[in-house]
Structure formats: structure tokens, C-alpha cells
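Below you'll find the structures, each written out as C-alpha cells.
You will see two complexes here that share subunit A, one where it goes with subunit B and one where it goes with subunit C.
Our next item is the complex of A and B:
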């Protein structure tokens, strides 16, 4: 299979690889996929409490080159966006940017799912935080 | 620079000596081996008969028992369908194994649609069939056992002599797809009680498009229904003008293999073992798939846990190998051979097959080992699974979101 230059670039120079503290209340973690399916993506966002903007994003992916590229690209796009703007990222945007062939569209779907899962986790945490504060007082 | 070739189970480079033997039969000696009335035909026929002797000598057969075909897929089709049709009155049951090549499995599936009953024996964790299970599977309707000599993915060698003995005792014909074994390890149709054996040229440094089927002539005399009708070539079992240059090449490849096998297999096994040792020293969580004891000397199949196969291949694009990962197959299913060993899909996705061959060097082993180790390490840095395992998380207990 021939890979697009952009997929190769992300594979060879993945952006924002790493992990953040998943217990940090400003960090949202999304983990999607399954080892049996050959793809697992972990995507994390860190939201600035003052501005509501995603300051940092990190990923780790087990999967093919297109899956690695999709999640690497997602972290690039997430940085600097508000949570609501991030929710607007669609898998088709990733497909177009990376020129993914039809057989690799599921990689982009997984990346979109990972973004949504990370944001959901962040939102739940914000809710949990509030109740924790109430209890402390 | 062309990639280093470590995919010799898929095909092999033609040996230049084989090419030299073939060349005259494209031009000066272009005759039809079936032309009985002039010198062109005679010299072609002579070359074909020489090849028959070379092949027969390698597998312990008589040259009259060699039927030329276009390759092992045709040989497998001819053997299995030919027996099923010829012996239909005797029975309709065939026994094969889950890890066979598609040329055998799909031929069996075809026959199931035509009313045959097929038993697909499972394999044990080491990739070999259980002889007791084979014995129990035989019924009074069983006409054929078809079990491969050595597997194309994991290189595991089946207990061929044991199968042959059971088949003979029970009066059932025994066919073996031996394309990965012939020319690589000693093979004897006499000692192993094999009745039908598929061979191909291009897995043993011969040309593509030519193969052979060994068909036993004595005790028992095996008969086959031809699958190709025409001029009645090859004792009526396979019509079609003989591919004389290809046949010459197959014969020469067999002769070279026979002369050089003892030395070559030792050399390849040492290289293979060195490759394995390098991986095991440098990396944790690597696993061999299939028996090491009953294995072709030039095969290594390893799972590099927590690193997906296709992404691994992408990082070693200057090395030609195969992966059991779904992403590298047309069906998007991980290797059915590895799954038959009991491997989970997760481990099958991380497997790489290394097939060493005659033209590989020690320097290539070092290069491949170093390159692969560095890419595995890099991808494990990227792998959420490796991170979780290092944190002490049991992956089997994680609630994954299937997609």
C-alpha cells in the first residue's frame, strides 16, 4: 500500500506523543478501540480553566500508520481550540487532510471518537470537581 | 536501493544456475515434448525426462510418478479434486487441517458444495495436528487425508511419517502440500508413506509457473480424474503442452537443492537462530509463534507485543517481510493460521514472518535485527498498550470500546 506524504510525515515525526496525568481535573482522557481490532488510541487534552482553550494535547496509538497519523494530526488540530470548536472536528476532515484511502477511513473515525471521548471525560471531571468542592466546604 | 529480501516463503529469487539451464529451451531447443517424430521433440522430451529424474531423486520417488503442472495450486486442486472424483464410489470424506494453504482449504470448500464431507482438524498450540485426533476422524467413508508438510507462515513441520503410517493402515490416500519443505529439508515419499505430493518451482529458487504432483504408482497405485481435458499428456492426468523451459528449471532447482541442502539448511538455521537471539536480548515481550523444534530451518515467526504489524512494516520499508496483521491482508482479518494456534487477534496483529533464503547474508541479519529493534522501541514509545502494561495494568481486564 502506498502512503500519502502526510501520513508518512506523521508516522516518521509524530507530533505530541506522550501522556498527561489522567487524574488532573483539567485533563480529559479518551481511549478508544481494542487490541483485537488492531487499533487503540489514547488521546488527552488539557484545558486552560481561565480561557476554556485546549492548551495541550497528547496521544499514544497502537495501530497502523494511518491510525498513528490520524491521532497525531488530531492533537495538532486540538491545540488552541475551545472545547466546542474541538467537538466540530469531523473524521472527514482527517480523511481529506491525510488523503486516506477508503480502507483506512475507520482510522479517522477512531480519531474523532477519541476526541469526543477525551472531551466527555473532561466535562464529567468538571462536574465531579464541583461536587467535590461543595463537599469540602 | 532495493529492500533486503526476507520473504522467501512467498517466493524465491531464481538461482542464476537455474536460469542458465533454462535459457537454451526458450530458443534453440524450443520443441514440443509431445512431438514424437523429429529431433526438436526428442530433445525437449529428453530434457523433460531429465527433470523428472531430478525431482524424483529429491523426494525419493520414481520418475514415472511425477506429473508436471503449472504450480502447487494446480497440483493441490488436481490431487484433491482428482481423488474425490475418482474414488467417489468408495467414499466422500476428506480430512485436512485448519492451517492449510488456501489452495487446499478452498478446494475442500468447493468439494463440500458438491456433496463431500470435510473435517478440518484443529492444531495444537505448537501448530501441529494431533495424530490421535486424526485417527479418530477417519471413517469408512474417508478417501483422502490432505495435510501440508510445512506451514508457509510459521514454518511448522507436521508429523508426516506418523500421518502416512495411519493413512496406510486405514487404507486412506495421503496427500501433502510440500511446497515449503521440498528442497529445504529431507523429504521421502517412501519413508513417509505419501501417496500424493505437491511441489512448486518458485519456492525453491526455480521459476514461477511450473510445479509438479507426485502420484504414487505402486502399493497403492493412485488414480486421479483429470481436471484439464485435452491431449492426454502426463499419463492422461494433466493435458496441456509441457512448459519445457520451466520444467528444466524446476529439475535443475531440485538438483541444486539436493546437492546443497545439508550445508545450506545449517547455514540458514544458524542465521535464523541469531536473528531470534538478537530480538530476545534487545526486546521484552516478544514471542515465537509455533514449534521451534519441528520447524523449517529458515523460518522465524514472532509477535512483537503491543506494536501493530502494519505500522512495524512501515518503519522497515527497506526490508521485505510479511505480517499476520489484518491491515496487511486483503480481507482485513488477522492470520487464520496464527488464530488456529490459539493466538488472540491482538497478538496476531503484532506478528512478523521472516523467511530466510539462499541469497541472504550475515550482514543482512545484523541490519534487519538492528533496524527492527529500533522501530519496535520507537513504536512502543507510541503504544498506549505498552504503557499500560508497564504500569501493571492487565489488558485482558480492560473494558475496550469495540468498533
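Our next item is the complex of A and C:
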């Protein structure tokens, strides 16, 4: 099966590979995996507390070319979006952009799950922060 | 054999059940193998010869699938119309994913020449082996539960367990390959 040019581009030049401090209260971390293929994907966002905009996004994926490309593309799209805008990213957007074949659609699902998991983690942290502030008063 | 058995359990004349007595199954395999050995049908009609041959080949398949608890469980799930299921219906627990991620990081470090990663991989391998043992014990308990209740809920649990085990199995293989 041949990879599309866009997949190859992301695979050969992945954007935003790396990691951020998962204990930072403005960082949300999503860790997802697919047992059937052994892929595991970590995706992190850093949200600017003043603007609510995602300033930075990083990922590290162990998996096939499509999984790496899907998460690489996801981090590109996340930067500059608000958290709510980020939640609107659908796996089908990734499928279309990368021209993923049907057998690789699960890679895009994984990337969408990773985005949602990262945002959930961030929101939980913000909730925890708020309750800590309330207790302090 | 007036008609061919409908599934591998029927080949052995047993119900669709999971907690099988393996020595007994093996004994039955030898008995049936002997009984339907093509040599015993050398003077039978062509149709009977063919039936004996078909049954023997089905018997071999049945024995191969049923003697292994994992393939037996996967086979029964399929018979009951339950597909393996994807990660959405059976998401791996987060702490397992953390372990998987760390193992992959260590494997990458080892590949790039960092020999310190070996200890980390060895530690991970031992944890995964212990986890696999635990899953096998849980599996045997589910086998007994299913045979007693014949319920879909137990099959769901079993499917989830098999997915996790497959995941662990891949990790064990990767870690062992890296260390060999």
C-alpha cells in the first residue's frame, strides 16, 4: 500500500515532536493506544491562561506512518486554536487532509482520541486549580 | 458420521464451553483419530473414504484450536458472533499505556546506542510477564464463569481481556527481541 505524499511528508518531517512537563497546570496530556496494532500516541497541548488559546502542541507516537502523520498534523492544527475549536477537530478531517486509505482510518481515530484526552486532562487540571483557589480563600 | 459436525466442539461431542479438561480432550482426540483413520477405510466406498478423510482433517483443526485456551476463547467468541472489537470498545487502561510508552522510549534509546536502556527494558519485560500471568489466571476464572452462566456479559469481559493480552504479548515480543 502506498502512502500519500502528505503522509510521507509528515512521516519524514514530523512537526512538533517532543514533550512538555505533564505536571504543568496549563499542559494537558493525552495518552491513547490501539492494542490491535500496538500503536501508542502521546499528545500534549499548552494553553495560554490569558487567551485560552493553545500556544503549543507536542506529540510522540510509536506506530505506523499513518499514525505518526495523523498526530503530527493534529499538533499543527491545534496551535492557535481555542480549546473549544480544538474539540471540533474530527478524525474525518484528518482522513481527508492526509488521504488515508480505509485500513488506516483507525490512525486518525486515535489522533482524535488523543486530542480529546489531552483537552480533558487540561480541563480536569483547571477544575482542580479552581477548587484549590476556593479552598485557599 | 452421518453428517459433518457443526463446530469444533461438536467434533469432540461436547457443548460450547471454555474450561475444558485438556488431558481428557487429548484422549478423545486419539480415540477419534484412530477410529476415523483413513487406513481403516481402505476398503470402504469412495464416499465413505472421503467422509473419513474430511472428518480427520476437521478433527485435526478442532484439536489445534481447542487445545490452546486463547485460540479456544477466540473461536468461541466468533461462534457467538462477537468480533475481536476495536480500541474504542476496549480502550487499554491509562497506566498500561504509560508503561507501553515508556517501554517504547527505552527501546528507541537502546537502538540509538544507549545501553543503559537495557535495564529499563528488562524491568518492563518482567512487569509485562507478571501482568500476562495475572491475565491468564483471570482468564481461567472467566472460563469457569462462562460455563456456569453462558452469558454475554462474561464474553464481553473475556473479549476485553484477550485484547489486553494480545497487546501485552506484542510488548513482550518487542522487549525480548531488543534484549536478545
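In this section, the second predicted complex is superposed on the first by the 130 of 137 C-alpha atoms of A that agree within 3 Å, B and C clash if a C-alpha of one lies under 4 Å from a C-alpha of the other, contacts with A are read in each partner's own complex, and residues count from 1 in each chain.
Just so we're on the same page, a residue touches a chain if its C-beta (ideal position, glycine included) is under 8 Å from a C-beta of that chain, and two chains touch if they have at least 3 such contacts.
Values in this document were obtained by computation on a predicted structure and should not be read as measured data.
Enquirer: Clash or fit: how do subunit B and subunit C relate after the overlay on subunit A?
Expert: With subunit A as the common anchor, subunit B and subunit C collide in the superposed model.
Enquirer: Kindly classify A:14 by the partners it touches after superposition: subunit B alone (first), subunit C alone (second), both, or neither?
Expert: First partner only.
Enquirer: Go through the superposed model and pick first if A:65 touches only subunit B, second if only subunit C, both, or neither.
Expert: first
Enquirer: Which holds for A:42: it touches subunit B only (first), subunit C only (second), both, or neither?
Expert: In the superposition, A:42 touches subunit B and subunit C alike.
Enquirer: Kindly classify A:34 by the partners it touches after superposition: subunit B alone (first), subunit C alone (second), both, or neither?
Expert: Once the two structures are laid over each other on A, A:34 reaches both partners.
Enquirer: After lining up the shared chain so the two structures overlap, which partner does A:103 touch, if you call subunit B first and subunit C second: first, second, both or neither?
Expert: A:103 contacts subunit B only, not subunit C.
Enquirer: Of the two partners subunit B and subunit C, which one touches more residues belonging to subunit A?
Expert: On the superposition, B touches more of the residues of subunit A.
Enquirer: Quick one: is A:92 in contact with subunit B, with subunit C, with both, or with neither? Answer first, second, both or neither.
Expert: In the superposed model, A:92 contacts neither subunit B nor subunit C.
Enquirer: Subunit B has the stretches 164-172, 344-352 or 362-370; which one runs into subunit C?
Expert: Residues of subunit B that clash with subunit C lie in 344-352.
Enquirer: Take the contacts of subunit A with subunit B and those with subunit C, and give the residues found in both.
Expert: Subunit A residues touching both partners: 31-36, 38, 40, 42, 60, 62, 106, 109-110, 113.
Enquirer: Tell me, which parts of subunit B touch subunit A in their complex?
Expert: Those residues of subunit B that touch subunit A are 306-311, 314-315, 325-327, 332, 334, 344-346, 349, 381-387, 395, 400-403.
Enquirer: So in the complex, the part of subunit A that touches subunit B is made up of which residues?
Expert: So the residues of subunit A touching subunit B come out as 3, 11, 14, 17, 19, 31-42, 60-65, 67-68, 103, 106, 109-110, 113, 117.
Enquirer: Which of the residues in subunit C end up touching subunit A in this complex?
Expert: By the definition above, subunit C touches subunit A via 84, 86-88, 90-92, 94, 96-98, 100-101, 104-105, 108, 163-164, 166-167, 170-171, 174.
Enquirer: Which residues of subunit A touch subunit C in their complex?
Expert: 31-36, 38, 40, 42, 60, 62, 106, 109-110, 113
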